[in-house]
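Have a look at this one before I ask anything.
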Amino acid sequence: MCRWAAYRGEPLYLEELVSSPAHSLIEQSHCATKAKTSTNADGFGLAWYGDHPEPGRFRDVLPAWSDCNLKSLSRHVRSPLFLAHVRAATHGATRRDNCHPFVKDSWSFMHNGQVEHFADLRRRIESMLDDEHFNARTGSTDSELLFLLALQFGLAERPLEAMGEAIGFVEHLSREVKGMAQIKFTVAFSNGKSLYAVRYASEGYAPTLFAAPMGRDGGYCLVSEPLDDNKDTWAEIPPGSAVIVGEDGLDVAAFTPFWDAAKVAAE
Amino acid sequence: MCRWAAYRGEPLYLEELVSSPAHSLIEQSHCATKAKTSTNADGFGLAWYGDHPEPGRFRDVLPAWSDCNLKSLSRHVRSPLFLAHVRAATHGATRRDNCHPFVKDSWSFMHNGQVEHFADLRRRIESMLDDEHFNARTGSTDSELLFLLALQFGLAERPLEAMGEAIGFVEHLSREVKGMAQIKFTVAFSNGKSLYAVRYASEGYAPTLFAAPMGRDGGYCLVSEPLDDNKDTWAEIPPGSAVIVGEDGLDVAAFTPFWDAAKVAAE
Amino acid sequence: MCRWAAYRGEPLYLEELVSSPAHSLIEQSHCATKAKTSTNADGFGLAWYGDHPEPGRFRDVLPAWSDCNLKSLSRHVRSPLFLAHVRAATHGATRRDNCHPFVKDSWSFMHNGQVEHFADLRRRIESMLDDEHFNARTGSTDSELLFLLALQFGLAERPLEAMGEAIGFVEHLSREVKGMAQIKFTVAFSNGKSLYAVRYASEGYAPTLFAAPMGRDGGYCLVSEPLDDNKDTWAEIPPGSAVIVGEDGLDVAAFTPFWDAAKVAAE
Amino acid sequence: MCRWAAYRGEPLYLEELVSSPAHSLIEQSHCATKAKTSTNADGFGLAWYGDHPEPGRFRDVLPAWSDCNLKSLSRHVRSPLFLAHVRAATHGATRRDNCHPFVKDSWSFMHNGQVEHFADLRRRIESMLDDEHFNARTGSTDSELLFLLALQFGLAERPLEAMGEAIGFVEHLSREVKGMAQIKFTVAFSNGKSLYAVRYASEGYAPTLFAAPMGRDGGYCLVSEPLDDNKDTWAEIPPGSAVIVGEDGLDVAAFTPFWDAAKVAAE
């Protein structure tokens, strides 16, 4: 279980989410309250959009609370759209390549949750990737693999459908290989224009997702858990939902994974 | 608050304390039960005695639970006398130079606790050091400074008296500068022959210290908190005590800091 | 011997100095041509000015050529005034606290060179610092100490004079203690408004310093060695010089250390 | 291009190769003389055999010259058979998982050289691995992949033949995919009993390999380049050779890669 926070709106210093709030992301790196594990000390990462199509990125392996670079960057970098993550490792060693957000071209992605039985599924999922996406893999996490799969399935053209297919495929594969499927999947991702999030679990408890207005002019913040105690501010997004924050504010839709075996066979 | 474990006896693989027990030191790095903070993720360190007078040492900044070097070393290095530590930083950044154990010549030292108001006392304590001990300082912790002070006060000749003087001096200084003194000081240290430990607090609660027989032939283990649930094995050492593990087994004596201002003036 | 590059002018992406040029700073981290040592692999650092009075800072210990964070930041951060440094350690371990630029409040500072016999002078120099500047010291380099000394001597009010006094004091001390003085001192420093540089050696060869126009509207770049082979672009600054890049372009003046013992005695 | 040193004989402190000689491995990390690149600063590693079937291992990402853990371990760990490596990255980021030696069960392996066009071959080579060896891969280097391939081809039963098949397969594949094959392959590997080395290049220059007696009782040292200037001591091993250091001293045999396509098709 990890913790994350994302923002889209008027340019904001990253510290507004990362270090300044009472229950900031750095605070959550040692005392998360809504996670199975209160400590998220296996590295951290930032991706922020600015003048280039692709986001800037900064990832490192120390606990977020003790990294002075993170504090300085969060205070000095301002962005209209950014993702920030603190990691509690489930699959994959503590190294920069395994820290979220993952980035390919203009897309960024971060994940709280996990794919059950990933060790037994990993190779088959990787073999689904075409060469471009296979070569883009630099770490060993389930999260990065879900991201690459979604990219291959058309994230750029149909963001939520492609994400639904990625999850659907892995659930399908897991049922085939292990007789069951359990993916916990609360994620945020972006192309630098809109900010997307999903809260989903194949069954049982889906890791939490909250939204709140932030900044001026219709900005929104999406988080694993609220950044302060002001209960009126934070709306819990229900399981099985997708969130889109764009030009026109925040929208919530149903999120349903699906898998069309016929289509893949045809490819 | 940190956690530590030390051993003297027949040669033992370090993993017997560091990673194998149910509540091993690595386990305590994320779920200590008898400490103020359950997470001790600001680095770790080992010092072990072998064929050389000075101990081998290995320190690094990742949480102990995620460092593969620590696991391999603990499994492959065997020693009749070693110290192991996981850190929760109070004073001093997360960097190798601030990780325990500290080593000078044949002496090693590790600490759980802290000097209250250290920022206000640090410079005056450092100015007490002669050039040799001043130049030996590479980090910025209160712990390293107490160790160097004790070395200068004669740790090699009168281990427990010198340690008592170091504490006595800092308490005296703190009363002078801040009108009060509060040192929490549960430590282990060694010259490669005997293993020493102290449990002490200027006032109030002294960080815990436990002892248990370990290995064959009268070996002993000293720890911040027991390595398993077997309550019959572990004897709690009372506050205000010093422990000596040597050729003839384990001895406990009273530990009382003292400070002879006249003597220092005469130096 | 280290390598550095600094810029003041229209906002520029840091990569314009750090990674894009043929002989960029990252390139110089493994093949510097005008330094005693061609490898500068003991860490690196950036300080850049933006919306806050104090600069953002990013430092780390890997060789600059292999750090992906450095590449991403340099590409995404844009600033009208920044300093960048790659380190070849002379005094002080490879750790973040020993990487340049050093920063205090709105001032930043980086250094190529060294104080000969620093180990014998260090304690006396540190004892010159008042509490504020002593407590600001987090590393163990000669460079950081020269910076703090200059700050204490009035860097904010009289930048070049204070720097001259800092050097003068250390030369004086070195002559007293060691019978000779040898400081190599090619530095850049800034308060976020002007960019200053000095090229100086007590005797013999002073580490090189070059200047070139860069960007539009009268921007300038100051470097240890030219960023490309275009010899017409780069003007070598002679030893014993100070450079000021400000609103009105680039000025060069003589730099002479001095030390008024009487004044210090009076303090 | 990397540098390495290996030893088999009477137990020796690792420092005898790593840091003590005039041209020790640490010295070679910044001034190798017989390599294309004189700097080998992209991490380092040790594997040493002791009481357990599998070797102890220590790898890290700093340049070898600046890592205090490496110095202490090399001085305090003694072993009758060990491998030591300093890395200059060709394929794969600077991270622990990409540092040599690689280890699986009782086998260790380190490499100087590279597979030309590895990016175009990597996926096909990985797809040759069975699940056990595929899952054992944690890094992204060509070196680790050659090691896993050799293990799968029977390194445990027929060490040099299996290594010859691994090279033969990759050369065959490279010719198929790229119309040419160029592997530079100077390696050492061990099962904790014998020490093996190979010097080979598909064509052109094969990275150097030298042998010298070391320690008492018929010990031998194998290295990328001599550890001192004593030319009489070091015998250059010719290209296309395998070396075996075992109970009965040092043997040199021809090394010829081969690839039996029929056999693989039958598997």
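Here the chain labels run A, B, C and D in written order, and each chain numbers its own residues starting at 1.
The working rule: a contact is a pair of C-beta atoms (placed from the backbone, for glycine too) under 8 Å apart; a residue touches a chain by one contact, two chains touch by 3 or more.
For clarity, every value in this text was computed on a predicted model and none was experimentally measured.
Enquirer: Look at interface C-D and say which pair in B-D, A-C or A-B is its repeat, using the rule that over half of the contact pairs are identical by residue number.
Expert: Of the listed options, the interface copy of C-D is A-B.
Enquirer: Name whichever of A-B and B-C has more C-beta pairs touching across its two chains.
Expert: Taking the two pairs in turn, the one with more contacts turns out to be A-B.
Enquirer: Just curious, how far off is chain B from chain A if you go by their C-alpha centres, in Å?
Expert: Those two chain centres are 41 Å apart.
Enquirer: Do you know which chain B residues sit against two or more other chains?
Expert: 68, 93, 96
Enquirer: Touch graph of the chains shown: is it line, ring, star, complete or other?
Expert: complete
Enquirer: In their shared complex, at which residues does chain C touch chain B?
Expert: Per the touch definition, chain C meets chain B at residues 93, 95-97, 119, 122-123, 127, 131, 134-135, 138, 140.
Enquirer: Tell me, which parts of chain A touch chain C in their complex?
Expert: 48, 50-52, 55-60, 68-69, 72-73, 75-78, 96
Enquirer: Could you please specify the touching residues of chain B with respect to chain A in the complex?
Expert: 30, 39, 41-42, 61-63, 66, 68, 89, 93-94
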